[in-house]
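These are the structures, in structure tokens.
Shared chain: chain A. Partners: chain B in the first complex, chain C in the second.
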Partner chain A sequence: MHHHYIDRFAYQDSPIHRLDPRAKILTVLAYSMVLISLHRYQIPSPGYLIFPFVLLVLGNISLLFVAKHILIVSPFIVCLVAFSPIFDKTPCPITESIVIGGGWVTAISIMIRFVLGMGALVALASTTRFPELLKGFEKLGVPRLLVTQLRFLYRYLFLLVDQAMHLRQARRARDAGRGPLSSRWHSSAGLVGVLFLRTLEQAEHTHLAMMARGYDGTIQLLKQLRWQRRDWILLVVTAGYLVVLRWGNYLGDFFGV
Partner chain B sequence: MLAMHMANELLTPAVAVALILFAAAALALASRQTRLRFDPAKVPLMGVLGAFVFAAQMINFPILPGTSGHLGGGVLLAILLGPHAATLVMASILIVQCLIFQDGGLLALGANIINLGIVPCYLGYILFHGIAGAAPKAGRIYLAVFAATMIGMVAGAVLVPFEVSISGVASVPITEFLLVMIGLHLLVALGEAIITFLIVGYLCKVRPQVLGAVADKLSAAGKGLSSGAVIGSVLVVALLLGGVFSLFASGSPDALESITSLEDDTSKVLVKQNPDELTAKATELQERIAFLPDYRWTSFSGMVGTIVTLLVVWGISRILRGRNKHVAQITD
Partner chain C sequence: MSELLLEVEGLYYKYDDGTQALCGVDLKIDRGETIALVGPNGSGKSTLLMCLSGLYFGQGTVRIDGMEMTKSGMKEIRGRVGLVFQSPDDQLFMPTLADDLAFGPINLGYDRAKVQERIDDAASQMQLSDMLDRAPYHLSMGQKRNASIATVLAMQPSLLMMDEPSSNLDPRSRRRLIEVLESLDTTMLIASHDLALIGRLCKRTALIDEGQIVADGPTADILGNRTLMEEHGLEVWPETAG
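And now, the complex of A and B:
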């Protein structure tokens, strides 16, 4: 398995890729927070589409890829939401003559918000290289120990998945995917066991090698994060956008517009 | 084997933040305990074990033609490494699943770490050691693994309906939701228990020294799994599932609903605003739209829900299989 499979879009270059990860993390968090703060009978206005759409399009991320990705992670929420029309029949007037059950409104609202929120998260993940994303989280106050652990996980993910695939392929070459169920479960468990042992050995070797090179508990990245003017612009524009979107009507009332 | 990741949109901001704070506190505690038990410089290497769980999930355990399960990992790690380290590893897995694969939302991370990490790891560990005792035989180890996995995973899954209904966003009644979650996770945990036991047994047979102090206790697991144990556990799960379904059929106790249901002001306001005529029309319309209209049918719809969910999960596993094949081609 190679990097390009998991985060192939993160290694491109675009205005969005060049933004500081911290700015992107903060805006995506704020956007998700505003989305889930909406009432369950409230359908997000089309304006909410702007934020993820701009990030994805300027970030040069294929919208088809995003759609497929959201589809893969959606079954649980779809199953859950599909049942809300049965249980919630509070009448909700849409216009004077059209009234539908509150459960339908909730279901539609949750699904729209899910797609929007996922769009923003995909945008964050696929316009930021993972090591830089972690650096951003670290600078934002996530404990270093956890971040270092995530860094190791990411480093070894590709290596170990490759090994798992080799093990799987080697078995397939021998049993051609046939045989009694019990023996296949035993052999699967054996493969996982072998993988576990190799992982421990690998971790031990890596630890020794790192100590030999003066590892002191911190990992130095070549690329340092630099907060620039464009990051301020993203932060301020997004903040203004979210305030208008979420509290625009209150503001309007307040100023008598 | 199957993880139901919570989505942001099922939680309210207050609930999401509270769960994140709770998870963060628990992780801080776990990492301090881990540092006491392991060489501090090696603690970050727990991340490598996280990568192991990901990789181990590529290895399939066939169930039916076209369907297969894989290791979840929580209880296995808790048995092998202790609950603190296991919780840290599971948390790092869930964070990577969220950030790279977008499985579960960023704001729902607290909920996911509690449901799929903290609860199964700690509860599983306590149950395993409680039941296994000092020098267990193979059968007893299996019983301990079985109970630890079952109860650990189901307890984590049971939290999902509570978190969702405290938030009050999705209007699914907690009793039905709870029963569906328990039913699904009983099946999942059955597979997970057998897989966990087989892996522990393999490690004891092949390389007991890597397991350290636990190895002596687990050595009997190397004898392998008897078919009696498998049949027994399938029967137990079948009985439990029968219980869950009969609860559905009996029109489900509503006690839980009164505990957690929140009064919804808006719905009242909406009803008040509407003249009676409009309400009547709406109800009539609603009866026609809802695909299982009568509330009396909730127990039936609960069962349909379980079956639909199982079918969807099966379908997804087919799709994912296709995707895995694609990955294999890329790397070959």
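And now, the complex of A and C:
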């Protein structure tokens, strides 16, 4: 079966792809923190667009692909945005004559921040191979057990999806999609049970295969991460950009500009 | 003169649910031999392979290269015995093929240069040199099978064991696999139902049923013995049938 892998653009080559995953993780994390730290009535300025846009364009990532991924996860944020104008009625003047509820400003702010944050995250995932991304997280101090679990999840998730699809097809072949709803619910429960057992079986087999090759509790990858000058440059430039973007006004006041 | 590589004496194994899978297996394999292990489903083939690779511990004696298999000596045993599982998805669990090939040698404690050398050798033997950066799920079934074998070859075991190596392969992939296996200079124990593969690769065959080796001898004699084969739920190999 064919699957769309989240890191399918990650196997390209570009200046962004060649950066150390740790540098990309740290900068995207810092960018996200700055976005989150904005006041709820503050709409991000156009300058915030620069960071994800540069990563995506230099990384040769299709903007359509990014838009699709943002749309896929948008329902979660849309619910949050929808409730904001209902609960927050604080008057918020747009001009001298136009005053709207603060909830509307918050909703627009959240929506823009969501799109920007997702853009940066998709850029990270699309310019970094998943194993290397995990290696980066591991080197940055994320617990090894969690990283190992994510590694196996990524390796076997598609296999599990395949098995689920095969089971579903086998059920369809017998009930022709016309069985009574109660019976379909019943068989769905069975299907989930079988899938669970197969997952356990797969885990056991994989563990045995690992043991047969000397597994002692640690997994080491062949490719080691190498922090280079370009990673320092990314880190310093992004830090400067974020400081100016977030605290530029205060700095201007401080230096009397 | 032949040199004894594997010696199994009175090996018994019982699963936790009480199923007696092996009932006193005796088997000897000389260095350089390629032996087939045939038997009906549930006869104990896979269990025997698990016991010989030290994944299951039963009662009895297993010696490999003169070293008795014990829990404390497993690290050394891992380097001597390699097992290729039936499903490549069990065997290929790392993010890239190169990482999968490196997994065993790294665990054996080799330095980076030695690990790289092992990877290159195993990949070359299994014709995978240009696929090392690929993820296992991007490989075809035939490539996955070759990759599974390469992961074990990278450990350079004295004894290479394979469980149903030709299952789920199309004829072309199967033919290629046989050619590659023929080119390997390793002692092999192959558990399989694929009589054509066995006929081509193995000079000797052991027949296992109900946890015991019931026949052991030249492949043509075992696979061509209609009474013996049918008695144990197997088919006679057409090329030996008179």
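We take it that the second predicted complex is superposed on the first by the 244 of 257 C-alpha atoms of A that agree within 3 Å, B and C clash if a C-alpha of one lies under 4 Å from a C-alpha of the other, contacts with A are read in each partner's own complex, and residues count from 1 in each chain.
The rule is short, and it goes like this: a contact is a pair of C-beta atoms (placed from the backbone, for glycine too) under 8 Å apart; a residue touches a chain by one contact, two chains touch by 3 or more.
Please read these numbers as outputs of a predicted model, since none were measured by experiment.
Considered on the superposed chain A, chain B and chain C are sterically compatible, since they fit side by side. Of the two partner chains placed by the overlay, neither chain B nor chain C lies in contact with A:F53. By the touch criterion defined above, A:M118 lies against chain B but remains apart from chain C after alignment on the C-alpha atoms of chain A.
The wider contact with chain A, measured as residues touched, comes from B rather than the other of chain B and chain C. In the superposition on chain A, A:V73 makes contact with chain B only, not with chain C. In the superposition on chain A, contact of A:P131 is made with chain C only, not with chain B. Applying the stated contact rule after C-alpha superposition, one finds that A:S182 touches chain B and leaves chain C untouched.
In the superposition on chain A, A:F65 makes contact with neither chain B nor chain C. In the superposition on chain A, contact is made by A:M211 with both chain B and chain C.
In the superposition on chain A, A:F152 contacts both chain B and chain C. Once the two complexes are overlaid on the shared chain, A:M33 sits against chain B while remaining clear of chain C. Across the superposed structures, the minimum distance from chain B to chain C, using CA atoms, reads 8 Å. Across the two superposed structures, the residue set of chain A contacted by chain B and also by chain C is 130, 151-152, 154-156, 159, 202, 206, 211, 215. Of all residues in chain C, only 50, 53-55, 75, 78-79, 82-83, 85, 87, 89-91, 93-96, 98-99, 102-104, 106-108, 115-116, 119, 136-137, 151-152, 155 touch chain A in the complex they form.
Note for the complex: chain A touches chain B at residues 1-2, 5-7, 28-29, 32-33, 35-37, 39-41, 69-70, 72-73, 75-93, 99-104, 106, 110, 113-114, 117-118, 121-122, 125, 130, 133, 143, 145-146, 148-157, 159-165, 167-169, 181-182, 184-186, 188-193, 195-197, 199-200, 202-203, 206-207, 211, 215, 217. Partner chain A is touched in their complex by these residues of chain B: 4-5, 7-13, 16, 27-28, 31, 41-52, 54-56, 58-62, 71, 88, 91-93, 95-96, 98-107, 164, 168-173, 176-177, 194-195, 198-199, 201-203, 206-207, 210, 224, 227, 264, 266-267, 270-271, 273-274, 278-279, 281-283, 285-286, 289-293, 295, 298, 301, 305, 308-309, 312-313, 316, 319-320, 327-328, 330-331. Taken together, the chain A residues at the contact with chain C in this complex read 129-131, 151-152, 154-156, 158-159, 202, 205-206, 208-216, 219-223.
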